[in-house]
Structure formats: structure tokens, C-alpha cells
Amino acid sequence: MPANRLKIGLIGAGRIGSLHAEHLVTRIPAAHLLMVADTNEEAARACAERYTIPSFTCNYMELLEHPAIQAVVICSSTATHACIIEEAAQLGKHIFCEKPIALDLPTIDRAIAAVERASSGRNLKLQIGFNRRFDANYRRVRQAVERAEVGRPHLLHITSRDPTPPPIEYIRASGGLFLDMMIHDFDMARFLIGSEVEEVFTLAGVMSDPAIGEAGDVDTAVVMLRFANGVIATINNSRRAAYGYDQRVELLGSAGAISTDNNYPNTAIISDGRCVRRDLPLHFFLERYTESFVRELSAFVEAVHYDQPVPVSAQDGRAPVVMALAAHRSLQEQRPVRLSEIDAIYSQP
Amino acid sequence: MPANRLKIGLIGAGRIGSLHAEHLVTRIPAAHLLMVADTNEEAARACAERYTIPSFTCNYMELLEHPAIQAVVICSSTATHACIIEEAAQLGKHIFCEKPIALDLPTIDRAIAAVERASSGRNLKLQIGFNRRFDANYRRVRQAVERAEVGRPHLLHITSRDPTPPPIEYIRASGGLFLDMMIHDFDMARFLIGSEVEEVFTLAGVMSDPAIGEAGDVDTAVVMLRFANGVIATINNSRRAAYGYDQRVELLGSAGAISTDNNYPNTAIISDGRCVRRDLPLHFFLERYTESFVRELSAFVEAVHYDQPVPVSAQDGRAPVVMALAAHRSLQEQRPVRLSEIDAIYSQP
Amino acid sequence: MPANRLKIGLIGAGRIGSLHAEHLVTRIPAAHLLMVADTNEEAARACAERYTIPSFTCNYMELLEHPAIQAVVICSSTATHACIIEEAAQLGKHIFCEKPIALDLPTIDRAIAAVERASSGRNLKLQIGFNRRFDANYRRVRQAVERAEVGRPHLLHITSRDPTPPPIEYIRASGGLFLDMMIHDFDMARFLIGSEVEEVFTLAGVMSDPAIGEAGDVDTAVVMLRFANGVIATINNSRRAAYGYDQRVELLGSAGAISTDNNYPNTAIISDGRCVRRDLPLHFFLERYTESFVRELSAFVEAVHYDQPVPVSAQDGRAPVVMALAAHRSLQEQRPVRLSEIDAIYSQP
Amino acid sequence: MPANRLKIGLIGAGRIGSLHAEHLVTRIPAAHLLMVADTNEEAARACAERYTIPSFTCNYMELLEHPAIQAVVICSSTATHACIIEEAAQLGKHIFCEKPIALDLPTIDRAIAAVERASSGRNLKLQIGFNRRFDANYRRVRQAVERAEVGRPHLLHITSRDPTPPPIEYIRASGGLFLDMMIHDFDMARFLIGSEVEEVFTLAGVMSDPAIGEAGDVDTAVVMLRFANGVIATINNSRRAAYGYDQRVELLGSAGAISTDNNYPNTAIISDGRCVRRDLPLHFFLERYTESFVRELSAFVEAVHYDQPVPVSAQDGRAPVVMALAAHRSLQEQRPVRLSEIDAIYSQP
């Protein structure tokens, strides 16, 4: 296996880039992380040292043009994703890109088209970083749907809440709650149900943090989804759950139901004179989704090695953005919005 | 206490009437059930014998006019509720009436007005049978809200599913899922949040039983509610949950969350070579809500005895009907509907 | 059914007697409670008034000799049980007697012999009040054993802890922890396993309340049991569990395991900034075992009505006393004690 | 950190040795695994290749005498542990040794004495591989005891069951259930209570697998422990739990109780027409205790780096062997056995 480990370059040495670096180096034997690029040269150097990556650069083009590198993992800021995807594709690199591809559809569509053009004859892979699909709990729900353990799906309810809001500067650059946070849940809804959403309706508000409202965003939102196959789903998001990271799902089917709970740091139950209690759930996504981050990159490496379809396609990267744009429009106009409206807007000249 | 037990007449000896008869006779010492009326004389006789009720009749006016009877419990068919309320009020009887008062607002408003007129100077009580408010689980959630154990409410999610659909004839006469089934959840939402709903949006379908669709109703529905105080709620109903009666609620507040589970016939967990499992939840409302049925009638008897406000008022009986009508309209027109629209329609000449 | 309701007299109007009175009057239609006796005439009168029992007396012989009374429920102090059993049997009454029959074997054996003599030709019933056999959780475990849902039993672990110790005067008259408290668990072990215990070993101490030690008793004890069929069981008792009444069981079998949890006043789970918690379990035996008290008396009434074997026999009343005496001896001598030793001692002249 | 990574040699490339190799290479940055030794040269070579260990040997003395190696991890067969400990100590190496040190006390005492002699002036570390002390669930219980979250400990109950018995050849060489399997639980009892055991009593049998009986061992056992501080504990072991690996603990204290559950592969709950169920627990120790294996070696490396006491001392390795020998004697002689008896036997000339 070492002989043909997949040679990878990492673009972006921030929080999520460092996480992927660690996993590539220590947990994924079939991968070989050769170089890391970050516009902040110090960050690139520190990352290289920490994870014993052979080389680093502050110029990602140097990485892209490095002949030994077969695949890139893009963890730079969202605004740069689409452009780097296009450049990497033109240079014939396989691509793993953090979500979202971009915050608008024309940019996404241009990037996808570039990969398709470049891919012809070479089977270039493009996988989008919706890591939660690889979480053991959600996979078990998907498995139950595939095996019809609860029959045909009827209703889906997704709960997704963060322990605390991010800094207000982050909020401002994030594209808003629907594109930044609920996008994971839009992907999860599609993944679990295996059908496309046709229409959404949104109610939302500023309930936790007035500063988020001043920044033009909401901090609490509920979206209803109508799927092509008739399934109805609800997603609720909050930027602040006092008890920590809350990530659960419930699905009702014709023959039963399946639901998941949060993950906890231990199973201990303490009973004293006041109550029966346990410690709070795992605090945030780094703790809760550690294994899913490892599995998504392993799956990418494996898809390249064996020339098989990636588990999260370019289309899987595009669809949740359409849903987020529709949800946002529904909030603004206080009416149900069909996803076809969103596509129609962007396909106009 | 026996000296001044509240003398009660029961109108309607069907399933729910018999349940109330049993509770009045065996569980509520402050009540004295004197007479039962049912248009089916045999049903009235059987009920009287079974619960040792002194007299019975097939003519409920005989019961209403009986001078010893101080209060009536109305469990007849929905179409007769409003009329009997008016007659009972005119005869100066306190009234406990099963939900809903009626399926249309003018009838409801006429009945409420009649009670108000008759009540002047006599403090006549009118309590509506939303028994779930007296369930230990929901009361605990309400208590948590009142004590601000989870801070100010932000989001509410109500799950309410029946084990199997009722007979199709019942469906036809029921007024539809929103007025027949979700009305309990509309009441629960108001009860838990302590604010009024301003707008609803509905998605629904026929997923379990085509015959229900042929009867012009839906069997699965999700409704989003926007409260005056900003809270957003979702309610999901299904006429068929393969695993039985599913009655749960989740509430997110600014300082935490509270959720309830179903009730089970026992706590036993069995682990064998295939899974870790427990028996199905208590099957249906008679098993699950037994204690809440007792408590609602006890509360009514107590409210009369001590001349205190009833815990579920006439207005509490009216509001969920408005919500149900709005939810139904939202489904028909596929747009969010404000409750003020419904009131406006009915107040037109 | 009212025509031939079983006519019952209640002896002892204390806490447990009043509980049975309430159940006989309100929950068991096949029973008719005719008279209550208590040496404290005021207690007898109050009980009669509260539950509308036709007559009362301070002389229980008056009750026993009342020709209409077919069965007696004995809830007097333990020291009087055996004597009243003998007298009731001689007068041809069916007998339900609270546990234990007596604190020593010769007295128990004499009482049982008296019932057997009196019973010949009349099928007199004697049922002992081990109510926990009728609890839904324990019945489910027994059902699992009978259906071999977890295969053949191998190991049993019983947890039984009170929220707070009783008054020290109660302790002094109780016969000690093994005869007063663990006797329920000895019965439960026999009931669940369906085999006889051959040997016990005890470790115990005074951990919660020095006053209990000064009264010559222990407040915390663990007993190991070896059954004739090879099963090994452990029972742990504590007079003080800070979190309330703790009543659970675990059973390992050749094909799996079954365990039960406590019962709770509601299912609500609250998550806040400190922990995920629920309210404490139902506080004590009156709350936890209400339904089992009703069911044991119903079963007694039914056994008499249909002349069928009682579900808790005289022998079921005797065996746990032997176990308690053996457990106590094991504690004193710090060695395993065979139950046959206890029988041998008492059968000596 | 790479500059002074602890240079380690691994002796034994079997299942547990390979596990440690993987963790040392991928999860413990402060460690540098230089060489692996196994009497089976092929096994040593395969292990070296798989985990990119620079060198391997079939002669462990070559490893011990390698001047660069500072510490050894001993995973060879139990019979060789004590001897290798002595040799490693004489050569001045720090030692991590899998449990047990040996199956008899004189051998253990000789090994410990050798380390003490060699250690003088060099602070040689000897840590024993009781990995479960590093499991998140058990650590939480220990933390609760240390913080007095449940007051002073009164009762402890440890459940420890394997999914299936090991091969009969393994049983024959294992030293028996008490030295092979329950030894982990003896260590856990001491760890959680923080006091020494004075007396044990054993009941055991052959319930699952007659072949184990024919090999002179038991497959199911319950041991009661009396601690010096008065705490009473019960440990139950079974070689076969149909539902998988069952590892739980319950502790009652003066102010409450704490209990732990098993770990599961996911949190999904499925409700269908038959039951409410979840998947079986993590199957066996490799899955359940992965993180604890990593943490115990990290703690060893850290103890060497910072010259601090190891968290599981030589004495912690000896005490559970004394307990196992006492438990075995109690089973044979069917009486409670004091640990001082065992020490007395072995200190005789």
C-alpha cells in the first residue's frame, strides 16, 4: 500500500485544514500528504511541522502545479473554493472541497462545468465535504431507509443547534444561517430521504443574539420541506443551545420510526437528592464528528484509488445551496418557495 | 365531603362517556353521578348498571331539567355539543364539554355567548375537555416554562401520532384531521407557550391510507405556527404509527431544552443476540391518558366547589378551532394563513 | 357481578389497611368491603367513613364471627398475623394476610397447619401479601423467564433501597432488615427464578445511620444466594438512597439479559447549561407499587371466586422467612449458611 | 517534541502488541517506536512493515540491549512477563507490562524487587496494563468518588461479561477465570473505591460451556468483596453474554448513586410493530476500550517524560492477583477467605 499512496496537497491550514491534515497523516494509511499551502506562510509552516508534511508554500498555485500531487483537499475560505476547483481540474487533480462550493449558483455551475470538461477521459473526482453523511448515527438512519426497516419514509425532523454563535465577523461573511449552518441539514435531508426537495417554507427570527440581527441574519430558523416523493420534513436550527451541540434526527415511515440521540463523553448517570442526571453532550462538531471527518476523507481516497463514484457528488454540493437560497427567499417573502423558482432566476440571461 | 358532593348528570354513554362515568364514580369522591342520558336507551341503562348510577334516560332534556343536578358532562356527538351547552346554561347548570365545542365558529360563539348571558350573577362554569393539559409529562413541560427552567421559549415541536386510523365513517364525520386530531396539539401549543398563534402553514398528504384521501381528508400533516411572542412551533400528525401511540413534545428555550418521551407498560429492557429492546409504548389514548382524564374532571368539580376559574376556558375551546380552520385553509391554498383572516371571514355579515 | 361480590372484612386500619380499603372499594368491583376492625376504635370509624364501609368495630373477633363475611384481609401488626390466621381459618374464612406471617418458623408452621386442617373439604384460600409479584416490571421479567426470552437463567441481581430509614422504634420491632425489608427481595428471587435457594452468604454494615446500629440492626446489606438449579443471585439493600426509592432487577440468561428500571413521575428530560437531567423516581412504595397492591387483591378475590390456587401461597410466605433467618445467621457467623440448617434447628424438640 | 520522543521497543507482536504498535505510531506523538521483537520472526516482520517500525527481531534480548531504546512495552505471553521485567530493569529500561505480571506471588514479588533495585537513582518506571482505568465511563465514576458527588461509597456492583468464551486452549493456559478475566474487575474495584479488599467470598459454576468445566475452570462467577473501609462490592463475570460485551458499574454512596452503561456503535432507536430497539453494544474489548488503550500508553510515556509516578503501579499489578487467588480458594473451600491468608501462605519458607 505505501507504494501507491495517494499523494495529496492541502490548501488552507486553518481549523478544518489542520483537522484534515492530522487525519491524513495519522489515520488514513492510503493517503500521503505531501504539501500544505496557506496564504499565511507561518500557518503553512506550523502545519507542516506539526504533522511532518514534507513541504509548504504560501502560493497554492505552486502546490497545484507540483507534478507529484495527484489530489487536493481545499479548505481555504469559501470565496476561493470555486476558482481553485477550476484551476485544480484544469491541472488534472482530483478534488476534495469543503462545503459550500460557493454562495451563488452561477459560480457553482461554472466550477462544476470546469471539472466535467477537465474530467473527460480522466475520471477526475470532485467530492464535497458534507461530513455528517459519514456519522455513525446518520448512516444508521440511512441504512434503515435503504433496508426499509421502517417502511417508506413519511416524515423527517432534523434538529441542529450550535452551542454558541460564532463571532459576528464570521456571521457577516458566512452567507447567512441557511448557507452556513442549515446547509448541512439540507444535505442530510436529501441524503436520508433519497429524493429531491421541490418546495420550502421558512419561519425564523433573532431570538438569541441581537447582534446577529443587526448583522442582517437570523439566529433561529425552522424550514419545512416538501420532497418530490411526498415526504414532508422540518429542520430547526439555533445558533445557541445552552446545553451544547444538539444534532438529532427522527424519521417516521410506513412501518415504524427511527430516531437518533446526541453523543456523550461518557455513559455515567448520577442520581442525587435533586435529580437523575448525566454530563452534557459532546460539545461541538470537532468532538462529535471526528470519526465522520476521517471517514469522508478515507472514502475520497478510496474513490480515487479504485476509480469509483465519490459518495458526495458535485450535484450534492449544488442542491443544498439551491435549498438555502429558496429558504432565504421564503423568509424574506413569507411564502412557500419552489426550488424551480431559484433555478429559473439564475438561468435568466 | 359526601354531604355536598357535586351532583352530576352525564350526557352520552359512548366510549368517552363511559370512561368519565367510571372516573366520576370510583376516582372522584367529591362528585356524585346521579343520572346518565343517551339517545340509545340500552346504552344508557347498561352504563347506569355498570357504574351503579341511580337513574338513566334516553331524553337528555329530562336530565338537564332534573332539579338535583348541578352540573353536566357532555360527551354526546360533536354536532350536539353547542346546543346542549346553550340549554344547560339556560337551566343554570355548570358544564364540562368534550372538545370541540363545534366545528364552526358562529356556532361556538353562540354557545359561549349563551353561557356568558346565563352565567351573570351565577358564575356558571364551562370547561372544555382538553385532557392532555392534565398529563404529567405535559404539565412538567408547562411547569418548566413557568419556572423558566429552560429560559424563554424559542422553538416547540409536537409529535402526535395514532396507532391506526379510525373507521372511515368516523373520518367522514370528524371534520377532518385538523379539527379532529391536531386540535389537541393546537391546544397543547397554546398551553405550553402561553401566547396566541398568529399564522400557520401546512403541508399534508395521504400517505398511509388511500381511503382517507377518498373521504376527502389527509392522514399525515405538518403545521408550522408563528406565535405572537415570536416562538415558532411545528406539529406533526399521522393517523398511523406502526409502533403505537406516539405523543411527545420538545421545547427549546434561551437557557436549555425540555423534552418528553412516551409512556410504556413497563421499564424492562431485553438484550438478546439481535438487539436491545423494550416493549411498545402504551397503545392508545385510553391507556396513555387515563390519569389526565381523571384529573381534568377533578379539576372541574373543584372549580365548581370553590367557585374558581376552570383550567380550560371557553376561549381555550374556541382558539384551537380557529387554528384548525386556518391550517386547513393553508393546506388548500398552499400559503401561510393568518388567524385573523379566519376570524374576519366569520365576522362578515 | 354485584349479586355475588365477595364479602370482605378488613382487620387493621393503619397505612396499609387503609390502602387496601380504598382499592377494595374503588378499584375492585368483584369485592364488597363490609366491615373494618381496628383496636383503635377511632381509626376503624375514620376508615369506615372515608371509604363508606357499612360497619366497623374495635374487636376483630366480631368481624371474624360475622356470618356474612366470607374473607378477611389481615393488616394488623405482624405479631398478630398467625393467631388471626388460625382463628379465621377455624371460622372458615378465606384469608389474605400481609407479609410476614410471623418472624419465627414454629409460629408460621402452626398457622399454616391450622389453615390446612380447616381447609379440608372447603378449599380455604390463604394468600400472602408479596405485592411486588404483581408489579408490571417484575411480571415482565418473570414472563421473559417463562417464555425463555433470555434462555435459562444464570445470574440475578436485585437492587432494593428505601429513600430514608423508618423511625428507630419501627426498626426495633421489625425483626431486622432481613425479615422486614429484604424479605420482599427473597420472595422476588424465588418468584423470578422459580427454584429454591439452598445457601446464602451475607455481608452487611451500619453505613447510613448509627442509631440503627445501636438498635442492633444493619442498614446496608448484600446477600448472595445459591439456588438449587445453579443460579447465583445477589441482593443489595440500603435503608437510605438519597435519590429515593430504588427498585430494580437484572437477570442474565443463556440467551440474553433482561433488566428493569425505576418508575418516574414523568418522562421529561431537561437539558440546561450544567447537565441533562430528569426528576427523581417515584418516591416510595405507595407511589411505586399502587397498581401492584390493586392487582394482588384482585387476584385474591378472583382465586376465591373461581376456586383457583392463590398466586402467593402459604409456602411462599414461609420460604422467605427461612431465607431471612439464614441471611441473619450468615451475618452473625460470617460463613455461608445452608437453608437446611435453619429448618433443622427449628425442627429440634 | 520530535527531538526527544521516547524511544520504545515492543516485545510481542500478537493481537495486543499490534494494537499498541498502531497507537504508538499513529496516536501518541511523544512516542517513537523503534523496534519490535517476537519469537515468531514473520510476525515481527509483518508488524514492523504494517506500522513502519524501523527494525524487528526474533530475539527480544537484542531489543532490550539496543542502546537507543529507553522503554519497553511487554506484550509477550504471561509466563515471560516477570523474567523480561527483571532483564529490562537491569538494563535500565522503563517498562510498560501487560497484566498480569505473573500468575503466582513469588514470581511477581521477585520482579517487583528487581525493578526497585535497578531503579535506585534512576527512577525507572513500571506500569501495569490495566487499561480500563483509562476508560471515560470508569474515570467518570472515579471522579464522582473523588469529588464526593455521591458522598462516601457504600456499595459497588461490577458487571463484566464477554460475548463468547475464548478457545479452550486459551482457557487452559489462562490461569482460570479469576486470574484471566475477573482480574480486571478486581483492579477496577480497588481503583474506584480507593481502599484495599480484606475478604472475598465466591460462588461460581459452569453454566455456558461444559468444555470449560472439563478444562477445570468455571465460566460464570460472582464474588463478594469486603473493603477495609467497610464498602461491600459484588463482581459478576460470565464468559458468554448473548448480546455482546457487557461492562458496567454501579456505585451507591451516602449522597446518591452513579452508574454507567455500555457503549454502542450508534444512538439510533428503531420502533416498529414489534418493539422499540437499538443495535447491540460495541462487540468486544478492542472496540469498547480503544481509547483507553491509547490513553494508558500516553500516560506511561508522559510519566517517563516528566519523571512522574505511573498511574498503575507495580503494587496495583500485584493486589488483583492476591484477590484472584483468594477468590479461587473461596470457591474451592466454599468459605469467605481473607486476603491476609493468601499472603501468609506465600510468605512461608
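Chains here go by letter, A, B, C and D, matching the order in which they are written, and residues are numbered from 1 within each.
Here is the rule we go by: a contact is a pair of C-beta atoms (placed from the backbone, for glycine too) under 8 Å apart; a residue touches a chain by one contact, two chains touch by 3 or more.
Fair warning: this is a prediction, and the values are worked out from it, not measured in the lab.
J.: When every step has to jump to a touching chain, what is the lowest number of steps that links chain A to chain C?
T.: 1
J.: What is the chain whose Cα centroid lies farthest from the Cα centroid of chain A?
T.: If we average the C-alpha coordinates per chain, C ends up farthest from chain A.
J.: Averaging only over C-alpha atoms, locate the centres of chain B and chain D and give their separation in whole Å.
T.: Measuring from centre to centre gives 59 Å for this pair.
J.: Quick check: how many Å separate the C-alpha centres of chain C and chain D?
T.: One centre to the other, that is 43 Å.
J.: Between chain A and chain D, what's the gap in Å when you average each chain's C-alpha atoms?
T.: The mean C-alpha positions of chain A and chain D differ by 40 Å.
J.: Could you list the positions in chain B whose residues touch two or more of the other chains?
T.: Touching at least two other chains: 150, 241-243, 246, 255-257, 271-273, 279.
J.: So in the complex, the part of chain B that touches chain C is made up of which residues?
T.: Per the touch definition, chain B meets chain C at residues 2, 26-27, 52, 136-137, 139-141, 144, 149-150, 255-263, 265-273, 279.
J.: Which positions of chain A touch chain B when the two form their complex?
T.: 150-152, 154-155, 157, 159, 161, 201, 203-205, 207-208, 220, 222, 224, 226, 230, 232, 234, 236, 238, 240-243, 246, 250, 252-257, 334-336
J.: Please give the residue numbers of chain B that touch chain D in the complex, ascending.
T.: 241-244, 246, 271-281
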